[in-house]
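Take this structure, written in structure tokens, and hold onto it; I'll ask about it next.
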Amino acid sequence: MSVTSRPGPAPPGTHEMLPGAEPVRLLDAAGRWVGTGTPPDAGLRRELYRRMVLGRQFDRQATALGKQGALAVYPSSYGQEACQIGATMALRETDWLFPTYRDSVALVARGIDPFEVLTLMRGSWHCGYSVRRHRTAPQCTPLATQCPHAVGLAHAARLAGDDLVSLSFIGDGGTSEGDFHEACNFAAVHRVPTVFLVQNNQYAISVPLAAQTAAPTLAHKAIGYGMRAALVDGNDALAVYTTVTEAVERARAGGGPTLIEALTYRMNPHTSADDPTRYRSAEEVAVWSGRDPLDRLAAHLRAEGLLDDATAAAYTAEAEALAAGLRDRMRQPPALDPLELFDHVYAAPTPQLREQAAELAARLGRHAS
Amino acid sequence: MSVTSRPGPAPPGTHEMLPGAEPVRLLDAAGRWVGTGTPPDAGLRRELYRRMVLGRQFDRQATALGKQGALAVYPSSYGQEACQIGATMALRETDWLFPTYRDSVALVARGIDPFEVLTLMRGSWHCGYSVRRHRTAPQCTPLATQCPHAVGLAHAARLAGDDLVSLSFIGDGGTSEGDFHEACNFAAVHRVPTVFLVQNNQYAISVPLAAQTAAPTLAHKAIGYGMRAALVDGNDALAVYTTVTEAVERARAGGGPTLIEALTYRMNPHTSADDPTRYRSAEEVAVWSGRDPLDRLAAHLRAEGLLDDATAAAYTAEAEALAAGLRDRMRQPPALDPLELFDHVYAAPTPQLREQAAELAARLGRHAS
Amino acid sequence: MTPQLAMAQALNAALSDAMREDDRVLVYGEDVGPLGGVFRVTDGLAAAFGPQRCFDAPLAEAGIAGTAVGMAMYGLRPVIEMQFDAFAYPAFEQVVSHIAKLRNRTRGELTLPLVIRIPYGGGIGAVEHHSDASEAYYVHTPGLHVVAPATAQDAYSLLRAAIASDDPVVFLEPKRLYRHKGEVARERPAEPLGRAAVRRPGTSATLIAYGPAVPVALAAAEAAADTEGWDLEVVDLRTLVPFDDETVTASVRRTGRAVVVHEAAGFAGFGAEIAARVSQRCFHHLEAPVLRVTGLDLPYPPPLLEQHHLPDVPRVLEAVAALQWPETGSTS
Amino acid sequence: MTPQLAMAQALNAALSDAMREDDRVLVYGEDVGPLGGVFRVTDGLAAAFGPQRCFDAPLAEAGIAGTAVGMAMYGLRPVIEMQFDAFAYPAFEQVVSHIAKLRNRTRGELTLPLVIRIPYGGGIGAVEHHSDASEAYYVHTPGLHVVAPATAQDAYSLLRAAIASDDPVVFLEPKRLYRHKGEVARERPAEPLGRAAVRRPGTSATLIAYGPAVPVALAAAEAAADTEGWDLEVVDLRTLVPFDDETVTASVRRTGRAVVVHEAAGFAGFGAEIAARVSQRCFHHLEAPVLRVTGLDLPYPPPLLEQHHLPDVPRVLEAVAALQWPETGSTS
């Protein structure tokens, strides 16, 4: 550890710790640019869209696999592609991502093999990709517990003098957990280079936002930690990308953490096991259908001449190929060795685990390793 | 339960969820009334002072007992009398108080026998007073865990149609705990008639406020829950009393919870076991010595003709009698029956506990009951 | 005729009957309101009793457990749900430092009639964190009662008893039995907690189990009777705390052999307590060491491997076979 | 000459040596910085290694444990302090659902070299919540190592070993031994975790203890030798997980009798596992049931009553006397 306290940007002023009155929106409902500056680079906008198309198709395929019982469960990202992909693309390869069970599409956008992404949901292991190679933590199920991990990692990196940033995804429901509070507070006190992105998809399983908070917005929690706040239209990929990029780069420069709330909607059931008709209306879902993040970005790109039918068709074809490949690979039964269970409890199995492994091996008619 | 949702005051506006730029102060350093309205009733002001004198003397005596080893430990309230007593006097008898280990002086002001107050610290039992009779929870040691209790109790009372309010004390350090977050959030979402009073005495044992939060003030946490906020000079008993009274009465009327931060200072070591020279300067302590809450209120009362030497002497005499009585009663060895240990684990002891009681009785040469 | 109910329905009936009979009973947690709980155990309660008696709290388990303490202090009888074993851990401090101790702290002045319902254990093919078996943490915490039903009738009766208890109860509902049906008599008076049941009388050895392990033990006993000629007694503990030493000890003294079966990891699991007590109390009656058939000492495996972790009939029979039978009976 | 150090000083030396040798080691928690910890175990570390290597985190145990996970993921070796057993409970979810499982979750890709130091147990006359003995919760959680030293030398060596371990270690420091002095050789290489020590060889019966119960067991053995003529062997487990079956089993097979001594409540305490294992593994060598001398099954008592809760020499001797000695040896 060779850290010296680097002179960084000044701590935020009180007004920066409160979100704006309206969410940041750079594309209007029809996809027209309504931002003040210039839009992000054209190639990037197209790439964002391409990954959203891939993500959407991946999600559709995974949802189908969930329904068919090929996955133990699948929590869909449908409707949240702008949040997940916009945020992920704001990260450098060296930055770290801390996703939840909800964020499979972010992982695909991060470049992780979709088949590996689904390992957890398939049930063959708890995490299927290399955490180190992708600098992406395992998808986290216990709500909000990933937040302190992201904070600790970024703090350690800063102590090491490495200029990386961590980003944790969290849901609207997850913000009610104590771990969220403790992570935000640690991050703000130690000015940790980290970003909290709340995907406010309006529900925690069946529980609507109004039963989760009485705050004006979730972004209003930032000032209670002394952290910068931002509120963003979560179905506007450019707004998410731009806002997260700003926060990430400020964190990298030593400006401390930011809490971003992205307003979006979970179009599908909570998971393949859920029945949303019990707690929300078709009308509400219909309203949000009209705000589709892919449609919005597509309209923008077409109007700007950045997307033509041929490119769109190519994206669709690529997405279909991805889905088909995934489907095929899912058909192969997983090659699992029950004896591997004993290999990863400790660096070396305890004598007790060796005994248990031998017993299992015997039951399986095999010799323990 | 016979609750109907009563029409109450409107939910707070955003500006009410942020504290004022300056702490509420009704008496200046010299005790002059600087409030806008009229001061509280003269009798009340005098009574506040009387209880502060008693509290101070109680605290001094308890501190001495701690040093002599007659108590297992004693966390002193010296310097925080205005907070503890101002807040406690804002409650009706039917309201509930949820104190921490720090708030012994509040309990004395609440009318609990000082000897019973010290049961926990003496070590003869975990709580020495009747919780129901005094509507005062046992002093709570695990930080912030009392907050959800206070919220739950007030919520239950509201469900029952009873118009009572709960008040939880908490320290600056305690606000960093997840339980504080979860309690505040529940209270705000369900508009529970409760008040959180943070005694910001600048330290959590050795850890200064700056290592605890980067927020502009702790009161700025309120808006993250959608709750009313107040920041108050915690060494100004009239400011504390008035602010807490407003919050309590608003809660009673259905106006929901309030988060109040009272700025004060822990004049003594954390407890009798602490060595504060390791982490704070004599100069800092000296500055706060000059802001003594008793001196300020005394100056005010004298200037207003509400306190003369005779009355002051009477208070002092009463306080000395209280301390002397306490000292005397502490000299009696506590009458403790080890077999009582088995009586309060469950409504009826399990067979296993009956066995253990019999064994202990035999060891003590007695018959188990 | 006594109706057949799935265990989840029996639990629902218990909640609904308790709420009807006593308006101090209220139910809250995560998704227990309009959704009726992820396992539908609270189905219809919000509609029937209103949003004050059955509601969704903000998503915060310590907050849920902590507010329940306050509600119980005020005289309500809260029944809170933790969505899965692993999601009760955030409430651990409230459970251990307050719920278990408040009566004791106040020398009995405050009672704490509070039930913590936890969908318990694995075997349902669920992803990580949804299959923990956490009873060992609670049974070691004095001040808590711990209950684990294995039948629909017990689910009903024991939940009624738990709600009626003036002490806090951790109520472990075996997830994989939620859809198992059985007769449920709702009019039966609630039994006191703390009584084990002999589910199958036998003479050769005693299988001691609770919750989801009971059907496994019963199936093993049937299989043993069919194929090995062993007549196994099966004791269903029903209540882990208070522990029914009398029934367990009597059985093992009679049979002279015992196997404990549970789903949680074996090391320092509840089976250790059972084995230790039985070994001590039946010392001179034991023909063989008390054996344990339990989950492996691993973090709960991914669902596609969980069958290797969970006790099953062959493993129980293997343990029974290892109970040092006299030579004559060793082959069949 | 090997210097005499109090256990708290030995721990301080271990931290300071580890920090000096490996700059990935960092220490944080509550009051561990300028104050040096409420027991002074971290005294001087902030001054010696700077506020980045030893600092006070915001007062939030889940946050402390959770950030330590992230730090370990990045390659640091955090040593965090929980101020007392009961104040580690807020971190329980992080400990059970992450710290114990991260290696497993990632098929071994992520190691988790992290030490959770907890001032452990009672006997110091402290008020409620300051004297819990919480090992049962950790030993049952696969993925954690659990260590409890009983001597100053072990405090030093085992803490070094814990910090050197690539797996998470719950390190339980017996509060009432903090001021006990012993020789401490700092140059000794760190031993691997998992070895018990025979502190006193003997032939009549084996006392199995760990942490603060070890001096009690040793005192009982001395008293027994003096007054009863029993020659008691005392095994100090040192590491609870991994458990040293070999040493324990060998001892009890030799002596034929065993008493387990620990401070935590007995019911489903760690002693249950020890008694169950010993009963099983030494079945044909046991002359008497394995007995346990433990804390009572109560919330920790107020300090003025704690002596009735804690195992002491007379209770240990009572248990030894109950080990069904042959008639000739029963009176002395």
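By letter and in written order, the chains are A, B, C and D; residue numbering begins at 1 in each of them.
FYI, a residue touches a chain if its C-beta (ideal position, glycine included) is under 8 Å from a C-beta of that chain, and two chains touch if they have at least 3 such contacts.
Treat the numbers as computed from the prediction; the structure is a model and nothing was measured.
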* Structure fact -> Quick note, more Cb pairs in contact for B-C or A-C? It is B-C
* Looking at CA centres, what chain is most distant from chain D? -> A
* **Whole-Å gap between the CA centroids of chain A and chain D** => 40
* Structure fact -> Here the gap between chain C and chain D, centre to centre from mean Cα coordinates and rounded to Å, is 30
* At what distance in angstrom does the C-alpha mean of chain C lie from that of chain A? -> 36
* To do: At least two other chains touched by the same residue of chain C: list those residues.
  => 57-58, 60, 62-63, 86, 89-90, 93, 97, 101, 104-105, 128-129, 142-143, 241, 243, 267, 297-299
* Asked: Got the chain A residues that touch at least 2 other chains?
  -> 125-126, 142, 176-179, 181-182, 185, 189, 211-213, 345, 350, 352
* **Contact set on chain B toward chain C in their complex** => 1, 3, 125-127, 130-132, 137-138, 142, 145, 147-157, 159-160, 166, 178-179, 181-183, 185-186, 189, 340, 343-347, 350-352
* In the complex, go through chain D and note every residue touching chain A. => 23-24, 26, 52-53, 57-58, 60, 62-63, 65-76, 78, 90, 93-94, 97-98, 101-111, 142-143, 145, 165-167, 194, 241-243, 245-246
* Structure fact -> Touching chain C in the complex, chain A uses residues 72-73, 101, 120-126, 141-143, 173-174, 176-179, 204-207, 211-213, 273, 275, 278-279, 334, 336, 338, 341-342, 345, 350, 352-353, 356, 360, 363
* Structure fact -> Touching chain A in the complex, chain B uses residues 11, 14, 17, 176-182, 185, 188-189, 191, 210-216, 220-227
* Within their complex, state which residues of chain C touch chain D. => 62, 86, 89-90, 92-93, 96-97, 100-101, 104-105, 128-129, 136-137, 139-140, 142-143, 241, 243, 264-265, 267-273, 275-277, 279-281, 283, 286, 288-292, 297-299
